[in-house]
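A, B and C label the chains in the order they appear, each numbered from 1.
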Amino acid sequence: MQEEFLKVIDILGTVAFAASGVYAAMQKRLDVFGVLIIGFVTAVGGGTVRDIMIGDTPVSWIRNINYSIIILSTVVVVIAFKSSIFKNFKKTLLVFDSIGLGFFTILGIQKGLMYDLNPAICIALGTVTGCFGGVIRDISLNTIPLIFEKEIYATACILGGCIYFLLLLTPLRLEIIEWVSILIVFLTRMLAVRFNWRLPNIYCRNVEY
Amino acid sequence: MQEEFLKVIDILGTVAFAASGVYAAMQKRLDVFGVLIIGFVTAVGGGTVRDIMIGDTPVSWIRNINYSIIILSTVVVVIAFKSSIFKNFKKTLLVFDSIGLGFFTILGIQKGLMYDLNPAICIALGTVTGCFGGVIRDISLNTIPLIFEKEIYATACILGGCIYFLLLLTPLRLEIIEWVSILIVFLTRMLAVRFNWRLPNIYCRNVEY
Amino acid sequence: MQEEFLKVIDILGTVAFAASGVYAAMQKRLDVFGVLIIGFVTAVGGGTVRDIMIGDTPVSWIRNINYSIIILSTVVVVIAFKSSIFKNFKKTLLVFDSIGLGFFTILGIQKGLMYDLNPAICIALGTVTGCFGGVIRDISLNTIPLIFEKEIYATACILGGCIYFLLLLTPLRLEIIEWVSILIVFLTRMLAVRFNWRLPNIYCRNVEY
């Protein structure tokens, strides 16, 4: 049951990140194969980095052809319907990126728990899983990674991860805890962009940077 | 016999990519150690990324000192004869890059077959092996990776890989199939640059990118 | 005894690189979480890349929560005392970067020796351990990696590594050899920047780069 649920989360996150990669690549006007490749690395990047650091190899997209099929289908669908569904690519990219962030953060935490790791390390793994696909996408497209653009990004993952472990102390059912944490990551990121939230500034005057 | 043949391909690809790294680093006017390091990462980058994703560690250049010897020799030879052989560094870089691309794509596919992977995954591994050395080289030199410069690049690997698996259905000998596929990757890339081939444009008007 | 000593070196290197990451991130005026993340990836980056190439997974910061604690403490201390201790961030970054470079180079060499690797490969692993944290830091911050900025950088690691193996032939005690090598890496880098040392130029005229 829980395992089935994780598979669903994995598929939804993969679709969301593949779509975010497609939109980012289309903004840069890459050709059709470039769009496919960026969609692919965005979708599998975070999980790949997590798995090679844990030592769970071959990484999942190599073991399981389904990832490639899901990503390819997503890319085809997004390209086919690109103008009929979404008019504003930048906003659409943000939405898919934030959805993927929520799903993959919780997935990374679960993977850490499966390896009996410390909660803090689990949250770090969740953050890696959530953020690295986007980082690789942005570095490949030679843009400043979204993660460092003075926006709340990794912070959303860390916050969602902390709430996940707090909720584990309550009698709530695991699936509910997971959905709540996913929602918190997603909402934190979306609201932060919408309302231009900033983290506290730590700089002082009179210092030569 | 087949194993011997793969070793030859591996050596030739390593030499070609090391040379391409040296030319790229010389264009950026790096010092002599910078040139050596870029030659090294270009030559071993693709295979390293492939091996850590498959879980075949320690990666080959760590297990086998011969890679370092081959790369060092290549770097020394290219630097020594740089002006007497080649007058145009940009074209020379392209040629070596394309040769390496052909060899390493087929090598990556073979590695995937050794692990009994699905043909589509094998082609993806071949593309990773072929492309990542160049990607790491370009990111290190802070240039836009060649792979995304609106040129046919990964496409050549994917095409060569598809033809490889089609030819496997014929009664041709394995070595012939490998040489043909290597040639197709090389020629696709060279002709694409020469004749300015572009993949179909997938963009539409009236959409805000 | 020797093992204890390596742990001390590991902690000192981690602190130095975390601090260098904090200073680099503050120069770019990242928010407080961005500073923490850059401090983290700078401190663990080199060792992580080394460990996944060797196949020693899960990598050390996942297995051992102490790394996270050390890094977090360093980040907090540096931020708290940033203006009262150091007035010039660029110079401070250089010092911490050079200290970390020394410690991590020798640590990477020791790890290679534990795996019975060839001295040349050990030196390469030491260079990877020393340099990659800084490379990842600089790529993340979208600056040209220090390693390629026409400064002596990897060269210092390679020099220190060669001297380490030369000293192993003498009757000196292992700890002394390690400290001397660490000092050589540190001093080479600092003096190179101070006196503007350059490696020999390998370029010639009459060639189109």
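What we mean here is this: a residue touches a chain if its C-beta (ideal position, glycine included) is under 8 Å from a C-beta of that chain, and two chains touch if they have at least 3 such contacts.
It should be emphasised that the depicted structure is a prediction, and the values quoted were computed from it without experimental measurement.
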| item | value |
| --- | --- |
| Superposition of chain A upon chain B: rotation angle, C-alpha, nearest 5 degrees | 120 |
| Numbering shared by both copies at the chain C-chain A contact, with half separating same from different | different |
| Whole-Å gap separating chain A and chain C, where each centre is the average of the chain's CA atoms | 29 |
| Contacts with two or more other chains, residues of chain A listed in rising order | 52, 55, 139 |
| In the complex, chain C residues that touch chain B | 52-55, 115, 117-118, 120-121, 124-125, 135, 139, 144-145, 147-148, 150, 154-155, 158, 198-204, 206-209 |
| Partner chain B, residues of chain A touching it in the complex | 26-35, 37, 40, 48, 52, 55, 57-59, 61-62, 65, 68, 79, 82-83, 87-90, 139-142 |
